[in-house]
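Inspection log for the structure reproduced underneath, given as structure tokens.
Labels run A, B and C following the written order; every chain starts at residue 1.
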Amino acid sequence: MAAKIPMLALSPTMESGTIVKWVVSEGEPYKAGDVLCEVETDKATMDYEATSAGTLLKILVTAGKKVQVGDAIALSGNAGENIDALIAETSSAGVSPEAENKVAGDAVGGNSIHGTKRDFAKDSTPGSTATDHLPGGVRASPLARALAREKGIDIAKVEGSGPGGRVVKEDVERSMLTATAASPVRQPVVIEEDTVIAVSGKRQVIAARLSESKTASPHFYLTVKVVMEALIAARAGINAQSEARLSFNAFLIRLVAEALKRHPEINSSWNGDTIIRHGRVDIALAVAQPEGLITPVVRNAAHKGIGEIDRELRDLVARAREGKLTPQEYTDSTFTISNLGSFGVQQFTAIINPPNSAILAVGEIFREPFEEKNGSIGFRSVMNCTLSCDHRVIDGAIAAGFARDMRYLLEDPVSALV
Amino acid sequence: MAELTMREALREALTEEMERDDRVILMGEEVAQYNGAYKVSQGLLDRFGPGRVIDTPITEEGFTGIGIGAAMGGLRPVVEWMTFNFSLQALDQVYNNAAKMRYMSGGQISVPIVFRGPNGPAEYLGSQHSQALQSLYAHSPGLKVVAPSTPADAKGLLKTAIRDDNPVVFCEAELMYNWKGPVPVGEVLIPFGTAAVRRQGSDVTIVGFSKPMARIEAAAQELEREGISAEVIDLRSIRPLDRDTVFASVRKTNRCVVVDEAWPFASVGSHVAWEVSSACFDHLDAPVELIASKDVPMPYNHRLELAVQPSVADIVAAVKRVTYRH
Amino acid sequence: MNVQESATPDYKPEFLFRLLEKMLLIRRFEERSAEMYGLRKIGGFCHLYIGQEASGTGTVAAMDLSRDFVYTAYRDHGIALACGMDAGQCMAELYGKENGCSRGKGGSMHFFDVSRHFMGGNGIVGAHIPLAAGHALALGRQGSDGVVACLFGDGAIHQGSFHESLNMASIWKLPVLYICENNQYGMGTDFRRVSAVTDYPVLAKSYGIAGSHVDGMDVLAVYEAVSREVERIRNDKKPGFLEIRTYRYKGHSMSDPAKYRTREELDAYQKQDPILLLKVQMMQRKLLTEEQYIEIDQKSVKTCDEAVAFAEAGAEPALSTLEEDVMV
């Protein structure tokens, strides 16, 4: 009878192994105890000895391949046996499924046995005992009694919250808050209670991803103050001429994309032993949602007109707010922009959105005085942009160069055409 | 009602049970021809013959194991350990065979056996011959452990032990064999798991078992003269433990002193003290006290030996502490 | 290969077939257990009987389990099967399932079947030796002519319990047959290194018990020796002793790579494979064909398949069962 030869656990901790080489070949007979193959585990390379005799009919897992304990690695049986059915079975199945543990009777995974009081203290719950013979006629812990004594509180008058109505420390403390020496009437105590909110799946993801980003990437930050006069004027001019009112973010995305095109080191991702310098510039924009945030991506932003970017953005942002984006629309960017200017935030630092290596935090456009060429004081519109960079990928000078060129582009948008 | 010594009461129990059921046999060192190292088995060889009263060589592990095997084979052996100190050599047989055979076999095998003999210190015997080892046996699931302190209890509990289908460790004491007391005539069996209230009282509950009961009684009398009313409970049965009686008493008196002549670390006494603390928490007006032997091997010098063990003075002092009368 | 024929009466073919079937079943069951252990269906201890099949099979074949009893130590799968225990219930016990022979509470070292007079399956080295003598004491008192066979290894023979038990069995004339299955290694220690006297019947002789050696690779030699002893013990009630020289092809347990013996030594013993020996003897006498042998082997494999299926299908014991059977 042909049968599958499974990968066995060759050591108590082995979970998987890689076949280094087959010692017995297809068609060859072997005895119990003969080495069939050599298997590399995380600990060492070990001999897989046959548990019983047979002929190796077919090798299912060749040298160099890794398998889990339990997966079939070969078929054995008598020489010449037909194994078509077995082959079909093993080629379709992936990993052999875990045997289900059927439990007769009660559910597994309940409270540990230690939680169930069985043979002793059946009547340990005070509620089941008589209320007479209580010291001082009161069911109270020694600590509560001592505290009551210390504070001059009649413990018999304190309502107990412990098992069986036991007065415990907290009860005495509570009664201290409400008891007044003068009036015998108890004032109601207003208790501001905490609200416990279950962590949604989305929040869990945000928590996990951003924690990981903050801890895995060594963040550093640099801020440039951008003079916005030219860009404001340009946008006003364009919007005056067209029907669409192009958003500020669309301009931002186009110009930053241009800067990234010129500084591909920023448009990169850390990949362990390599750094991937992305060919395209896909810029994500952080968008607030009712209970989280999401980052819709404008693809190929360096090669789209601002109008096109604006149209895309409108659609993406609207759907982002409704939670109707597809994963392809909010993952896999190469750079991210977060703009809190509309809240009046002048400057902030953002956390890099993996797998990006940098993120741009944009503040509000605000007016400030500056020294004109002729020495007088004028006012101009400025905006702080803070770049967070992953120092594994980007060094300070590189970041500074990008920041400078980005600023040039924002301050002089026409230069993007060059 | 007859007035018997504990020795005589035990002998009566053995005789009656051996008459009643010829599967009951007695084996141990000197039990037959010598009539018993402490004369508990006096006359049994003459009455029942060498097939049922068997002298063993000095081989605690071997004859304890043989006793267990005989129980597995359908007899109901009583294995006598000349003292519990020697039973340590047989501990593997008791723990790994007697206590576990039923469980390991999924309920197929039972071991109806009684291990009995003097436990605890006598006098002048030195450290290797003075150990109170009930806690070792009480510790393992699969064993029952009893410790009578009166002749009536000795007889009633030994009869129950012999009829029990489980392994029972029966703790006697050399210095108790001469204790006299009334023993009811006829078939009187005392069930396991029933403690005896020796004295009713209202101010404190004193819990003990075996030989220390005499000192507890003396302490209670002294306390009574000082106006402290002690309720005295003799556990009699360590495993199964009569919690209801103990807890009800402590809930009534609000104070508890546990007396156990074994060492204090991980003893029957320390375990009972913990159970009382936990179950009677709301009713305790003072911590539960444990009066045990000092945590040392037993010295030979008699004065030292007496100082090691729980004394009447120790018990009285503990009661005064928990009643805040010191 | 040249196999010496026993100078004993011819055996009925059915008897020889039964021996062969039993040894093959034990061999395949143990191989399958090893595999299941490697798949983590079985955990903890697993002491395989591979190579020792003739010792257990020959011994039990010589006994009458309607009145005799068998005690052994923790290398108990083979002897349990020899006593007729169900392979499915044994495998299920290895799996720890509720339908195991000890309801999942014993495991590999604690197979028991009181109905078949198989008294375990005992885990502490040498600690069952007194039990067997005690059981023999009980049989004597009950007027039975039953015999208790007690198997243990070379690792156990120096335990105090062995000496105490043989002494008492001798003075009290207990009908117990002590069989030392000397597979030559107590775990990883060659018995010659730790025995002041390596000729084990001499140890028995010091308690007044005559004993002899038996070739444990020859099931018929084992059968004959045990039969003789059992017959004698039934009659004169004096205990007996046999040293069965055998060999285990695997390590002491699943975690023992058995580096303490050479490949050559293993090969030499594998040439004396007890199953092979009987097969050749039967074929020489024209009692067995190759086809019949293959058929028996396949039946054994099938029994093992069914045993595994039975174990897989078994339920995990309910949590409440952990409190059961502590006491009567």
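Methods note: a residue touches a chain if its C-beta (ideal position, glycine included) is under 8 Å from a C-beta of that chain, and two chains touch if they have at least 3 such contacts.
Here the structure is a predicted model, which means the values were calculated and not measured.
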Comparing A-C with B-C, the one with more C-beta contacts is B-C
By Cα centroid distance, the chain farthest from chain B is A
Per-chain Cα centroid nearest the overall protein Cα centroid belongs to chain C
For the pair chain A and chain B, the C-alpha centroid-to-centroid distance in angstrom is 63
Between chain A and chain C, the Cα-mean centres are separated in Å by 58
Cα centroid separation, chain B vs chain C, in Å, comes to 41
Contacts from chain C onto chain B in the complex sit at residues 69, 100-106, 110, 112-114, 119-124, 127-139, 141-142, 148, 160-161, 163-165, 167-168, 171-172, 324-328
Given the complex, residues on chain C that touch chain A span 28, 31-32, 34-35, 37-41, 50, 98, 249, 255, 266, 270, 298, 301-302, 312, 315-323
Contacts from chain A onto chain B in the complex sit at residues 120-124, 126, 129-130, 133-135, 139-142, 164, 166
Per the touch rule above, chain B residues touching chain C in the complex are 23, 25, 51-52, 54, 56-57, 59, 61-75, 77, 92-93, 96-97, 101-110, 112, 141-142, 144, 164-166
Residue set of chain A touching chain C in the complex reads 1, 6, 8-10, 12, 31-33, 51-52, 69-70, 99, 101-106, 108, 110, 113, 118
